[in-house]
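There are two complexes below, and they share chain A, which is joined by chain B in the first and by chain C in the second.
On to the complex of A and B.
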């Protein structure tokens, strides 16, 4: 009897992930080789046609490159600012607890709400950002509806949303660095620049690697809500990223085969990212 | 320069940087709140107001009229609550199995679970998931929004890591006393894990409450939609662009998790780091 107990305990998890992750993932792979009629009642095996069509389609190429640019900018800027702000928040200055509460607050906000809030902030009529820009630089921008500002708008919202998570982790990391280590470096004559980049940043590299992968996931997938609420992928398809493309092709245009092929490509990107993360990332990480 | 003067200047600079950054992070939430209770004559005021020029709950009642908001709150609550319960139960059971038992296939099955760690199924797999849900005839139901997400690698991994820190002696003592593994789990392991369970619960709840794409796809009828989706509906319905109403709707959607966060900030931060770093 006792022999069976662990299997019974892992069974619920297995049933759920088999039916709702493994099976759909494999099914998606399978469907990506078919042309499926809009109501799903007929399908025809077309070998790699869906993929080949994608790579000769400008809309997909644009979605692909927007995803890459959006992800790289969001991740790099967010990680960099987070590290810097965490350094400040880790200082013993008056009011630091209040600052933390205010700065962490967007963590509790959903991506859809983040989109709505920044849609409001960047609105040309009622938004405060435009008013400030007019006051400071004398310019007015239609953020949501013009190229390239629409891209800046969704990137700002995405960075704002991911920052608290990244800052929280960096602060936790900073607190785990022993004071003596930093003091010793000070005595050795290392200035603040050297201490920060040659000592503290390398010590926090496990956290940075973790945050990079989490931020990539969030930029590639969670950003859907921000884009849908703020720009609907527009103007035109300028801010349409890959997951938005999957949604449009799958649910607006009922092109299941094509949408499946797109999600498989997204899937492959994720597998490559995870593989690189585990193979090379962890090796180069400095562990205490 | 004297050391104390330099220290003072440093502190002032840090304060200024933190104030500016705090404003950047919190201003959108605060200004949205201002807009949501702004009397109508100030909604389109130029320059835009930073503070409310009076208290007006008209925007909120308007927002509640445009979409069935209370019903959608209820939907969000049901969905988030049951996803949380489901993830915790499956995570605790599987985590317990991997932490306290050696069995044939344990590392293989653990690997299969672990491989799904970075797959956001509710976003990446919408196409095939929707086909399954249609076949089950679950479109427009709570179970479509709940059941697919009642297990996650993160929870299994979190509980496995935590249960491993409980001394083996406890288990041996319980066994000698004749306790079954289930009794040991419920009477000893779970009470010792209260902080981790609490932390995992609020993080799972926040995640589920904030889901957007999947509920938008499977809930087609208005009375099955969730609060997150309602924001988008109001933005579409409010063609007059009355931002007072749109921001009132946004405030309703963000208040539950924001309040939870303000009340339990330390627990949030601690469990986020505790769960994340090991992932």
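On to the complex of A and C.
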């Protein structure tokens, strides 16, 4: 009996995860080998046709490459900015708590609302960004509807949205670094540059490690709302990333088989990324 | 006390036996949610044995996706509102009860009372599959006040593409740094407008008579007619005479017009009420006209857009009958008039239109009249009946993507047209 008790305790969670995650995941794997009618009442087994179609479709190739660019830029920029902002917010200056709260605020905003806010701010006619740019430099940019500005717009919004999460973690990490270590480095004559890169950054590597994975996941899977609200994947399919492609094929075009194949590819990419990162990460992450 | 309660329970049980509950899913947000609820309440008052659960589900796409999910779990809604481009998909689905089947059994409904153009759109092979409900067409609205300022005749809106270009040139205003502060025209970046201009030139969008005499096998827009439209769009944009929105952004287009950044807008007739009230707030006068057409072309007319009501098959036939009663009611004269006045979608019935004329409604609302007149002037043909094709969303998306690439200078109008054709044909081949 004792042996079974732990299993009984995890059973409710397991049941819920099975219904909402494992079953749909397996089902989409299964459906990726079928052509499915819009209403799901007719199915035809087509082997790997859905996958082969995707790899010969330049729309999908473009979505794939935009996903890579979008993910790398948002993750790198957001983590670096977060690290520096966290360093600043970790200073003991008056009012720092107020600043922290203000900087965390975007995290409490839903992604769709964030997209809408940036959509307003970058609006070519009534947006604040263009108003300022016109006042300062006398130029106007159609952020949402022109290449390459549409990509900048969604990347800026995505970074803005993920930044607070990363900052929270970095601040927590910074606060757990013992003062003696920094003091000792100071006594040894390390300047602020050396202290930051040779001491603090390596000490925070477990957090960076975790944040990179989390940011990749959010850039690949949760960027849907920002893109849908801001650009609808346009102009053309310039800002269509893979998750938006899945939405288009699955919900706009009712092509379940193709959308399933796409999400399986997305899943495989994520497995590879995680695997590589674990292999590489273990060597370079220092746990205290 | 207990006895009374018990009696009450029995009473309720007996009552609920005779009652049928049906679900109605629609896509009309904002103030229209209350408007629809009001209409449904009137319906339930007249039919106490039917309980209607109305739900605003979101966009048309969401309704379609949720209907599919509900069907698979065995609890489909009874009446769903879907947009015109879902028509073929629904017919092929095998999950609907064609409205024609219900009309045949019900002599109290005469489908000849529907506007012929509306009836044509939703009938395939003479059979009406869904009940037209919220129908609209595109219309040109223009800012009379700006027209006067620019030295244009406020009673002579542009009729052709070249007139739109020359009018827009006069409307352009630049600041000292050369930035455009006011320009000619806008319309939402939506392939619906492309389809309209194909119809105006009496040209088909897809083969097999726009898919009305057989399953379409390819698109037919890569020709001179299509090129004229793409070149018009491209010229306006390149010369700074037009501001484009992102895909399907009707709100942005309206904002541009209301803020008087552009002098003209082509948008749906369902925006009439909104544009009128906003223009009053902004203090400018607004006019409406038929949409401009390519030069040297005989005006063939416009295609219906908007939505219709579909009855979904049910296990319990009584529920289908109740659903039909609801659909019939919503397409009736008075609800249609209320709907028209509240939204700007036009009445889908001839008798509703006549009743409005008698009431003098169109004298007071000349813009609404232009909208319906443009539709009635439409010459019936396969081109103006509109296309029926299963992969309509993909075709629209292919056209919109190509247009955006053209406007960004990645493709010439000719290349853009070719790419749209290629993508659309690929989608048609994959339809299952």
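The criterion applied here is as follows: the second predicted complex is superposed on the first by the 277 of 288 C-alpha atoms of A that agree within 3 Å, B and C clash if a C-alpha of one lies under 4 Å from a C-alpha of the other, contacts with A are read in each partner's own complex, and residues count from 1 in each chain.
Convention: a residue touches a chain if its C-beta (ideal position, glycine included) is under 8 Å from a C-beta of that chain, and two chains touch if they have at least 3 such contacts.
A quick note: this is a predicted structure, and the numbers were derived from the prediction, not measured.
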item: Partners on chain A (chain B, chain C) - clash or fit; value: clash
item: Which of chain B and chain C A:196 touches, first, second, both or neither; value: neither
item: Chain B versus chain C, judged by how many residues of chain A each one touches; value: B
item: Chain B versus chain C as contact partner of A:95, first or second or both or neither; value: first
item: Chain B versus chain C as contact partner of A:205, first or second or both or neither; value: neither
item: Contacts of A:125 with chain B and chain C, given as first, second, both or neither; value: both
item: Which of chain B and chain C A:221 touches, first, second, both or neither; value: first
item: First (chain B), second (chain C), both or neither touched by A:9; value: first
item: First, second, both or neither for A:251, with chain B first and chain C second; value: both
item: Stretch of chain B penetrating chain C in the combined three-chain arrangement, among 128-136, 164-172, 182-190 or 254-262; value: 128-136
item: Contact residues common to both interfaces of chain A (with chain B and with chain C); value: 40, 123, 125-126, 251
item: Chain A partner contacts - residues on chain B that touch it in the complex; value: 11, 14-15, 17-19, 21-22, 24-29, 31-32, 35, 43-44, 46-48, 50, 89-91, 93-94, 96-98, 101, 103, 106, 109, 112-113, 116, 118-121, 123-132, 147-151, 153, 156, 181, 206, 209-210, 212-213, 217, 228-229, 231-232, 235, 241, 243, 246-247, 250, 253-254, 257-258, 260-262, 265, 268-269, 272-273, 276-277, 279
item: Touch list for chain C against partner chain A, complex; value: 61-62, 64-65, 68, 71-72, 89, 92-95, 177, 179-180, 189, 243-249, 252, 255-256, 259, 261, 390-391, 393-394, 397, 400-402, 404-405, 407-408, 410, 423, 427, 430, 432
item: Contact set on chain A toward chain B in their complex; value: 2-3, 5-7, 9-10, 12-17, 19-25, 27-28, 31, 40, 85, 88-89, 91, 93-96, 98-113, 116-121, 123, 125-128, 131, 160, 163-165, 168-169, 172, 207, 210, 213-214, 217, 221-222, 224-225, 228-229, 243, 246-247, 250-251, 256, 259-260, 263, 266-267, 270, 273-274
item: Chain A - residues contacting chain C, complex; value: 35-42, 44, 53, 59, 123-126, 134, 138-140, 142, 144-147, 230-238, 248, 251-255
